[in-house]
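Shared chain: subunit A. Partners: subunit B in the first complex, subunit C in the second.
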Partner chain A sequence: MTKQKSWSVSHLPLIKPIGIASLLFLYLPLFTVLIFSFNRSEDATTWGGFSTRWYSTILDNTDLIRSAKVSLSIAIPCAIIAALIATGLAVGIGRATGKVQNFLRALVNAPLVLPEIVTAVGTLALFSLVGLPLRYSSLLFAHIVMCVPFAFLPIRSRLRDFDENIFEAARDLGASSTRVMMKITVPLLVPALLSSGLLSFIISMDDFLTSLFVSGPETTTLPIYIFGLLKLGASPEVNVIAALLLIIPTLGLLVGITWTATRRRSNEARNK
Partner chain B sequence: MKLGISKLTIRYRKRLALVSIATAVSLLVGLAIPQANAAGLYPSKPKGTELNLYNWSNYIDPELLKRFTAETGIKVNLGVYESNAQMLAKLEAGARGYDIIVPTDYMVQIMQKKGLLQRIHRSSYPNGNNLKAEFVNPYFDRGRVYTVPYLHGLTGFGYLKDKVTTNPTTWKEFFAAIPSYPGKTTIFDDKKEVIDAALRSFGAKPCTKNVTQLQRAQDLIKSIKPNLNTIASSGNIGRLSSGTSVLLMMYNGATYKAKLANPNVVFVYPKDGMPLWQDNFAIPVGAKNIDNAKIFLNFMMDPKNIAQASNWAAYNNGIAGSEKYLLPAMQADTAFSPTAAQMALGVAMAPCSTQVNDLYTKVWTAFKG
Partner chain C sequence: MKPRSTTEKEPGIYGPGLVSLPAYITGILLVGLPLIVVIVFSFLQRGEFGSGVIHKFTLDAYRTVFYETDLMGNQSLNFSFLKIILRSILLAFTVTIICLIVGIPTAIWIALQKKTTQRILIVLVTIPFWINVLARTYAWMLLLADGGLFNQFGAPVLLYTSWATFIGLTYAFLPFMVLPIYASAEKLDKNILEAAFDLGASGWRVLIRIVIPMIRFGIFAGIAIVFIPALGAYVQPSLLGGNKSMLIGSLINDQFGESRNWPVGSALAVLLLAMTGVILLATRRRKLEFV
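What follows is the complex of A and B.
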């Protein structure tokens, strides 16, 4: 922030090797999955030469494909709905004051520190108590509930950074509250909405415990399927699906980043 | 030897937590588990078009299920669990709608005592009497009132005959050979399997209360620990066939698969005894498609169908007459089908008492710690 001294973390001794080691540590497992998806061997964890055979047979593994589809069909709507609910909560809680705000915030954040197993078994017990069958809608509901506290975080912090004067100015100039919402709040929130949606998507895709308890016979998600493979050992097709799930979002992210960067540049150019 | 909770391994704490939370929650909400009903004999035709199977992933030949659908018009939905304990916890917490579950031997007994299984009325099925004699009266379900046998296997050990030249035939020789192959040996990450094997290696009985013997077992497994490359229950097929490990604790079917990839693989049925494990089909309470479940059970007692399941998974089954349909190469291999003498060494293992289980946990914690 201030330019008192030219001190920077990058001047610390050993910072480069530590940084490189950390990056390797983070990314080596991912590369391993990528490489092993081209494994010829029948066994998912021993290398048997290069081959793309599992990419061609993966479509025949109907249970695996079905579970990947279930995961996606839960994660996408879950991300959208959780981000929307979190926005409402964040805006609403932002308007409350003092103890009420603290209480509400604690209420939203509490599930973050609760062990997931408690929520998972509790949700299942609740569903069977009210007689809700374990179907798509019940799993989606459980995932949304699980994601909202996470989705809430980026939106809340973005809202806090807003300059209140903008809203006051808009109201002074005669904008209705709906108009303020649509013309100011929402556009300013877009980046936070995107990151909260992405976060929810990843949490939902990745979730094991809640899905394990709340999924029914028609809603086996990918993580559950992969964990269930312990009996006879994993088929190499699991590496293929992991690789695909790695490549597709990475490409999406790259496209997203380039798009925002070009937009920002053109905005800056226009402002000049 | 009083057991402190802190001494329990994380895994068992988790499992304990899982089961106790499930029990507590179901008690709290006053969830009455419905009585196992005794409705009906073998149905003349399917009712509805669905069957909800609750199983491990990839534990039944997908082609066999496709044929089941083609022959009966019943579509199979697959739900998945990762352990017997988790399946139990989920059903106890009130999950309903599964028509067929696949519990392992000891779990059948636990579930039946808790009233979670329905009587299946096997004798009214067309294939109901196809069971091999030795599979009709297992300790966990005398007379097969609640279950139909699926696949079974035996825990022995495998080795590469070009690397291990001492030709071990017993658990005693297995443990004695391990120090000769440092970093090239593996045992299961399974408290009961490992301690039982260690006890057998010096002539003691599994589930013994004798503290001296348990201490000896603990000393034995601790002494071989530095020579293990890993302690793992999965991934051993690749480990053995690639030579990462040359001597490992293995199931017979897994070893057969490793043998297909590497002809030097040998499976041993240890002469000092070994456990026989069996998986079974059962109908849990709350099943919606009971008629279809019975049709499925009958289908799996057909020798040709169960043989297809065995051919695919490389584990043998409990249905008489299925031998005719087994792959000849597979059947000729003792790793898949033990001789009568080898089979007789296998013992279906009931769980140890709580007291002994606590002692086992102490030994296991001392070993892994």
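What follows is the complex of A and C.
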């Protein structure tokens, strides 16, 4: 090996080819769905030329629209409530490292690590034990619990970014903890609250398994409806629905990323 | 020792501790309590009309999972449930291994790029994670179906076989493996790798003796967050796998739905919970460990 040649990744065996291959593996199926959603053919998997005809048919699908409305009516309140609960947890718990607080925090975050089917079954069992009927509110409760640990992440990481001296100075100057929260913490957390709410919104919109267990006949969410369609196999209409499920969150994510990137850049510029 | 300010360890630094209360209440009532209820249900009798339970203590549910009683009243091991549980463990294990083999190099590859490239690649790895799991699973239905794209190019039809479930799960959980490993690999000091090369170590040696040990916590975290959901997966097995090769997730769903035996469903959920606990204990950070 020549010494002058600067060191690079390619010196490690297999790293580069596997890395590139795994990105291709991640995107090949997504692009397939995207391309075949513009397929003219009646057959979902045989290419018959470009067309947007199947996109117009899904607007006539009343079951799809109805289930989308159910999902939105859960996801919007769920996002707001989960973000607020998660903020409360992050703010109130502060830097506490006591055993009790650690246990409670672990409990709240448990849905992140437990298999979803266990929490779903547990929630169903609990609701049946206390006699809560499987309607809108039961589904909303279940979604909030699932979203809080995710909503907690951006709030927590934003709080860690701040200089703690700001808060301590305020306390030393005689501000009560409520005043610190209202005048300092909450204003600083506004951007994090937005991403926390957005995260919860996406998770609630996407959830299938928990919803399957705790939804009643009137609360068929979008994923439950789509699962029913998928059980029947591939069709041109499902191609379009799946393509929309790819496009919408990806666009949202990209807009969010560019927004935070420009914000960060303008903040850095201002600080200089 | 550095003196600590009085507020540092108190909850109240960002606001009153009381605002955590709603989270604690949801945690206790809607996370802790359901788990306790599942454990309790697994020791109760099956409800008369199938759904629900009768509040009488019995070990019947666990007996049903492990044993079967024939007409003569003899008990023998019930292989139908055990087979499903073992199949689920084996599948989750294989998925985790493949995710490791693909995920470790991918994470290292990303971590050794320029900062801006790293950011773009991480977004690319994260995007599939934000796309609905049903849409991602459907993509594989298109590719693997009879007359699907792979089949049109002469590949065998894999849809509705265990192979399809395996591919679908690997696809779903690969980002889960890459992200935590990347988080540790990103902190790698490239000078150390360069020094090892300069001193004559081969690429494989650097990889196995330096890189892998340095990112081991990321690898442990990746194993846990791939193995656990793979073990309890429901969507991919039921859409891609067909009915021939049932897994524990579908079995639990079946007990709460069609079979209407909540105690058995709960007992299976408790087993899944116990396996989760074992994995979490096995993969948590060990403080006494050294390279």
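Observations on the structure shown:
Going forward, the second predicted complex is superposed on the first by the 191 of 272 C-alpha atoms of A that agree within 3 Å, B and C clash if a C-alpha of one lies under 4 Å from a C-alpha of the other, contacts with A are read in each partner's own complex, and residues count from 1 in each chain.
FYI, contacts are C-beta pairs under 8 Å (C-beta built on N, C-alpha and C of every residue); 3 or more make two chains touch, one makes a residue touch a chain.
Please read all numbers here as calculations on a predicted model, not as lab measurements.
When the two complexes are overlaid on their common chain A, residue A:Phe167 makes contact with subunit C while staying clear of subunit B. Once the two complexes are overlaid on the shared chain, A:Trp259 sits clear of subunit B and of subunit C alike. In the superposed model, A:Asp206 makes contact with subunit C only, not with subunit B.
In the superposition on chain A, contact is made by A:Leu246 with subunit C only, not with subunit B. In the superposition on chain A, A:Leu12 makes contact with subunit C only, while subunit B stays out of contact range.
Of the two partner chains placed by the overlay, only subunit C lies in contact with A:Gly92; subunit B stays clear of it. Touch criterion met: A:Leu124 reaches subunit B and subunit C at once. Among subunit B and subunit C, the chain that touches a larger number of residues in subunit A is C. Residue contacts after overlaying the shared chain place A:Pro217 against subunit B, while subunit C stays out of touching range. In the overlay built on the shared chain, the residue A:Ile226 is in contact with subunit B and with subunit C. Overlap of the subunit B and subunit C interfaces on subunit A comprises residues 43-46, 117-118, 121-122, 124-126, 128-129, 212-213, 226-227, 230-231, 233-234. Across the complex, subunit C meets subunit A through its residues 5, 7-24, 26-28, 30-35, 37-38, 41, 51-52, 101-103, 105-106, 108-110, 112-113, 121, 123-128, 130-143, 145, 147-149, 152, 171, 174-175, 178, 190, 193-194, 197-198, 203-204, 206-207, 211, 224-225, 228-229, 231-232, 234-235, 238-239, 249, 252-253, 256, 262, 265-266, 269, 272-273, 276, 280.
Against subunit C, the residues of subunit A that register as touching in their complex are 1, 3, 7-9, 11-16, 18-23, 25-30, 32-33, 36, 43-46, 84-97, 101, 104, 107-108, 110-111, 113-119, 121-126, 128-129, 141-142, 144-145, 148, 159, 164, 167-168, 171, 177-178, 180-182, 185-186, 202, 205-206, 208-209, 212-213, 223, 226-227, 230-231, 233-234, 238-239, 241-243, 245-246, 249-250, 253, 257. Contact residues of subunit B toward subunit A in the complex are 17-18, 21-22, 25-26, 28-29, 31, 52-59, 62, 77-83, 86, 89-90, 93-98, 233-235, 237-239, 241-242, 244, 254, 257, 261, 313.
Residue ranges on subunit A touching subunit B, taken from their complex, read 41-46, 61-63, 67, 117-118, 121-122, 124-129, 133-134, 212-213, 215-218, 220, 224-235.
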